[in-house]
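Have a look at the structure below, then the notes.
Order of writing sets the chain letters: A, B and C. Residues in each chain are counted from 1.
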Amino acid sequence: MNPTRPAVAAVAAVTLLALAGCGAGADRSSSADVLRVAGPFEVHSLDPTADGEIFTRLQVTETLVTSDIEGELVPGLATEWSASPDNTEWRFELVEGATFHDGSPLTPEAAVEALEKVATVEASPLAEVPIEDIAADESAVLFDLATADLTLPAVLTHYSTAILAPSSYDDAGQVTEVVGTGPYEVTDVELPASIETAVSPEWRGEEPAIEKVAFQAVGRAESRALLAVSDQADVVFSLEPAGRSRVEGADGVRMESSLQPRTILLKLNAEHPILGDVRVRRALSMALDRESMAGAVLREEELAATHLFPPSLEAWHPDLAPLPEDEQGALDLLAEAGWEPGSDGVLERDGEPLELTLLTYPDRPELPALATAIQGALAEIGVRIEVDVTNSSEIPAGQADGSLELALIAKHFALVSDPLVDVATVFAPEGDDWGVMNWADPAVERAIEALLAGAPEPEAAEHRETIVRVAHEDLPLIPVAWYRMNAAVSDRVDGFVMDPLETTWRITDLSWAS
Amino acid sequence: MTSPLLATAADTATGGRRRPLARRTAIAGLGVLVAFALVGPLVLADPAAQDLDRYLQGPTLLEPLGRDEYGRSVVARVAHATRLSLLLASACVATALLLGTAAGIASAWFGGWVDAVLRAVSEAFVALPALLVVLLVSALASGGSLWALYLGLALAQWVEYFRVVRARSALVMGSAAVEASRLLELGPGHIVRRHLLPDLRPVLVTLASLGMVTSILAMSTLGFVKVGLQPPRAELGLMITEAFPFYDVAPWLSIAPIAVLFVLTICFLTLRDSEETA
Amino acid sequence: MTSRRLRLAGVLARRGAQGVGVAVVVSVLCFLLVLRLPGDAAYRIAAGRYGYDLVDQEAAAAVRAELGLDRSAWHRLGDWLIDLAQLDFGTSLVTSRPVAEEVGYYLLGTLQLAAVALAFAVVIGAGAGVLAARRPSGPVDRLTTAWVASVRAVPPFLLGLLLVVVFSAQLELLPAVGHGTPASLVLPAATLGLGLSGLFARVTRDAVVEVRSSEYVQFARTKGLAERWVLLRHVVRNAAVLVVPYLGVQAVVLIEGVVVVESLFSWQGLGHALVHAVFWRDVPVLQATALVLALLIVAVNTAVDLVVLWLDPRPRGSGVSA
């Protein structure tokens, strides 16, 4: 009477078993000796000037100079470097015995070929260096500069300057394969989400303990947290607060973090009819209850940014009174600037409401959340903020056409290991896409010039203080919070160290817990 | 362009077994939600007002649904989100219905090249997933304008009305009654009022309740992919997505928007089914 | 025989015309919409290429010059349509790789996902439908009806989130995200499949009920054929005639679901690529993914038409297909 029921049940059971079987099988095979790393960054290109950071982080490629955990410059592919007295001629001595993953030796000519390609790409910091010529001699790479540039070694820590083998490029000069010199070689790439590497037989150094690495890009922060707690990845970068607390409550996995030289700040148009008034800028700053914001959004009140630079950049963190929080003071300042309470709770001046648009982008999950908190805090003092969560590129575009009002950005102050390079760009008098807009100060300009020219120490400290103090008082950039880079690390892994500059993930320092 | 839920209007053969009780329950449920959506925003707290020191606070007597990650009142946000969903969905359905019906009647009425052009357009558009259209149109708007959402959803739905109305109208136009009216030269207004609309009404009501479901679901889906809406606007899908990371520490955040979404769609689906039997 | 061949030609002509119409509409629509997206395309593309820390005016200017973004929009649209006619999809503005190659990769991912999801939906849905049809208004039937309604009332992303919470976060049985391993396919496919299964269950149930009560099955029974054979020979074939057209409708549901489910589970497919292309203003990829998604629907419907023709050669009115 029931001919169908067994048949249907059987089909269903077989399907489910097959699916479950696949699942179980795959889990077993992938977990044996592969370090599974997950992060938010998708990889769209193999070119080091585009998404190159992933390959230096995975230790596939290397730069001439690199930085240690304190951010000090240390040898990479260059063992030592020196400059002529006028700092226009630089010599980088290459390490001996380095071999590309394809077996060809790292020659000065190969390095020059790679660097020459990088220097033509506008997006690389190397393009900013006034290079006349890059040449090779028998053991070194020589840079001939038009004007003195002390930052060259720091610039050469940038991932875009990683050295690829000649076989990486096709006839048109496009990167078709990443053939580097690092301890790991690429075994499989599936753009944009997956990269697999294994220890290269050509590696000149000590054999790393981790033999294979599988990197996976996972865009949604809540998904990354799930990977971490359900043991589907060994190292998971960049978790949001809710995910962090879940990891902290889970067994077999721990949170690691380090303060980054990155500040979440409000970039503003200093010639804007409203924001051009320093009293308004100070009022906005005073209205922000940074501690509560950091506590609620970042779950760590200590990240409230009372200065432009985080304490980890010691030299740039002079002893200044923290930025005050004072709602009444903010209202008084605004009243002084002519803003009076209007209808519907928004301040007005000459019938114009105090309304501003704040751009931000979702690449870092903290930003839209903080923007929402800022919107709420400023509404309290009668400032209406329209938050526009959009593509990060709207910010340089808004700067270029002058339409930008406010933007919440996360600015890294050591893209190359010396913060001075970034400070000089951020405060450039002509403005910077990720720095000041329509703001310049002669004292700051002089201090930066002196620093770039290589001012000696006690004097240099004074210059740094000048820059920070003027920025603190005039607020062309309003600091909101500092930034803690975090990662969930499985207990199966020992020796994890978080590099605050994210130059590499130091996989060679890791080992399997016994 | 087609919307799957509308395209499957024929899957209701079982609707004949719906009981009037279900219909009454659905109407009551919708009534409660509409009242909540209309009255709630007037009497409850500001849905954007933050209280950062009380983030993720659990339900209390004052805040029956607790507070979210910014310390905002969840009950106030759900009320605003419900209002947004209902208003926007109604606007989209009304627009799509008017547009689709007008085009459908025109196609059946004039025939010839009008019919050919409209049909060719609908043929091409029917293969475009609605979500694709809404996604693209919504990406147009900066600053979270609701216009793009409205336009996208309405554009995505009119084809369904067009197809059904055109087929139905063609039958009616060929009927003896209409022939007679024509012979009597009673005029197009008479034919539309006395013959077409009475015949189309039930099927339009069915399509419209399904359209409400489609719109509400599509809106929540766009909230999920974070297109077309900007903070601090409260929207059901956005609220569900934002609450997801806190599902274990603060389950009250997710339950309310999920429940409202589910009840809204179930009620409209029940209404649709009972309308078919009526 | 000739009438059948004629109708076959008719189906192919109609679907072919639809395909061409879709291609033109999609490309023009996408292009116009992308033109009106806020902001400057060169900045967006530069951000996609170089990461946002490095985008500046120089990088954007270099991108603009390289890609000819300063030419008129009509000029570029014309070029694209000409290229399309030659089946040349161009190169991605972000990755500088051929679009055909990229979209091919994503298409494979989507097809994998869709095939497993469809299999899942057919097994669960048709199974439940047949069971429900055995005793109309019985407990199984009511349960199926409730199931159908619930699945309909829940958007796919919510279904996916619920499955993730249960199977990945709580039970830790399956990976929540990922691409490439069979295990990572289970949750996204189940999400899509469950969403589709409700409709399959209902349509199957109704079809089976209708066919079982129809005269020729009654007649076959009285002829004394075994119940099993009644079911196989008549019910299945005739129910299939009613069920198969719904596959065409389901294709639309499936494609929509794909967009959401892929972005929820980080599954590398067309939907994921589409959302990214909108975000990065990668016009060639955007147009190609949208086009392929729409043509997939046309293709499925063509296949459905042909299967219906094969199953039931009698002339029928226009079906429910999209």
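Side notes on the structure shown:
Everything below uses one rule, namely that a contact is a pair of C-beta atoms (placed from the backbone, for glycine too) under 8 Å apart; a residue touches a chain by one contact, two chains touch by 3 or more.
Computed from a predicted model, the values in this text were never measured in an experiment.
Seen from the Cα centre of chain B, the chain whose own Cα centre is farthest off is A. Looking at B-C and A-C, the interface holding more C-beta pairs in contact is that of A-C.
Chain A and chain B, compared by their mean Cα positions, are separated by 42 Å.
Inter-chain centre distance (chain B to chain C, centres taken as mean C-alpha positions): 22 Å.
Separating the centre of chain A from that of chain C, both taken as means of CA atoms, is a distance of 37 Å. Counting partners per residue, chain B has 142, 244, 248 as the residues that reach two or more other chains.
Each of residues 390 in chain A touches at least two other chains.
Shown for chain C are the residues in touch with two or more other chains, namely 38-39, 169, 263-264. The part of chain C that touches chain A in the complex is made up of residues 38-40, 43-62, 94-97, 105, 116, 119-120, 123-124, 126-127, 130-131, 134, 164, 168-169, 172-186, 189-190, 227-228, 231, 263-266, 268, 276, 279-281. Residues 2-5, 7-8, 10-11, 13-14, 17, 120, 123-133, 135-137, 139-142, 213, 217, 220-221, 224-225, 227, 237, 240-241, 244, 247-248, 258, 261-262, 265-266, 269-270 of chain B are the ones touching chain C in the complex.
Those residues of chain A that touch chain B in the shared complex are 221-222, 225, 240, 242-243, 245-246, 289, 292-293, 295-297, 357, 362, 368-369, 371-373, 375-377, 379, 386-390.
In the complex of the two chains, the chain C residues touching chain B come out as 17-18, 21-22, 24-26, 29-30, 33, 36-39, 137, 145, 149-150, 152-158, 161, 165, 169, 199, 202-203, 205-206, 210, 246, 249-250, 252-253, 255-256, 259-260, 263-264, 274-275, 278, 290, 293-295, 297-298, 301, 320, 322.
Here chain B touches chain A in the complex through residues 48-50, 52-53, 55, 69-71, 142-144, 226, 230-232, 244-246, 248-249, going by the rule given at the top.
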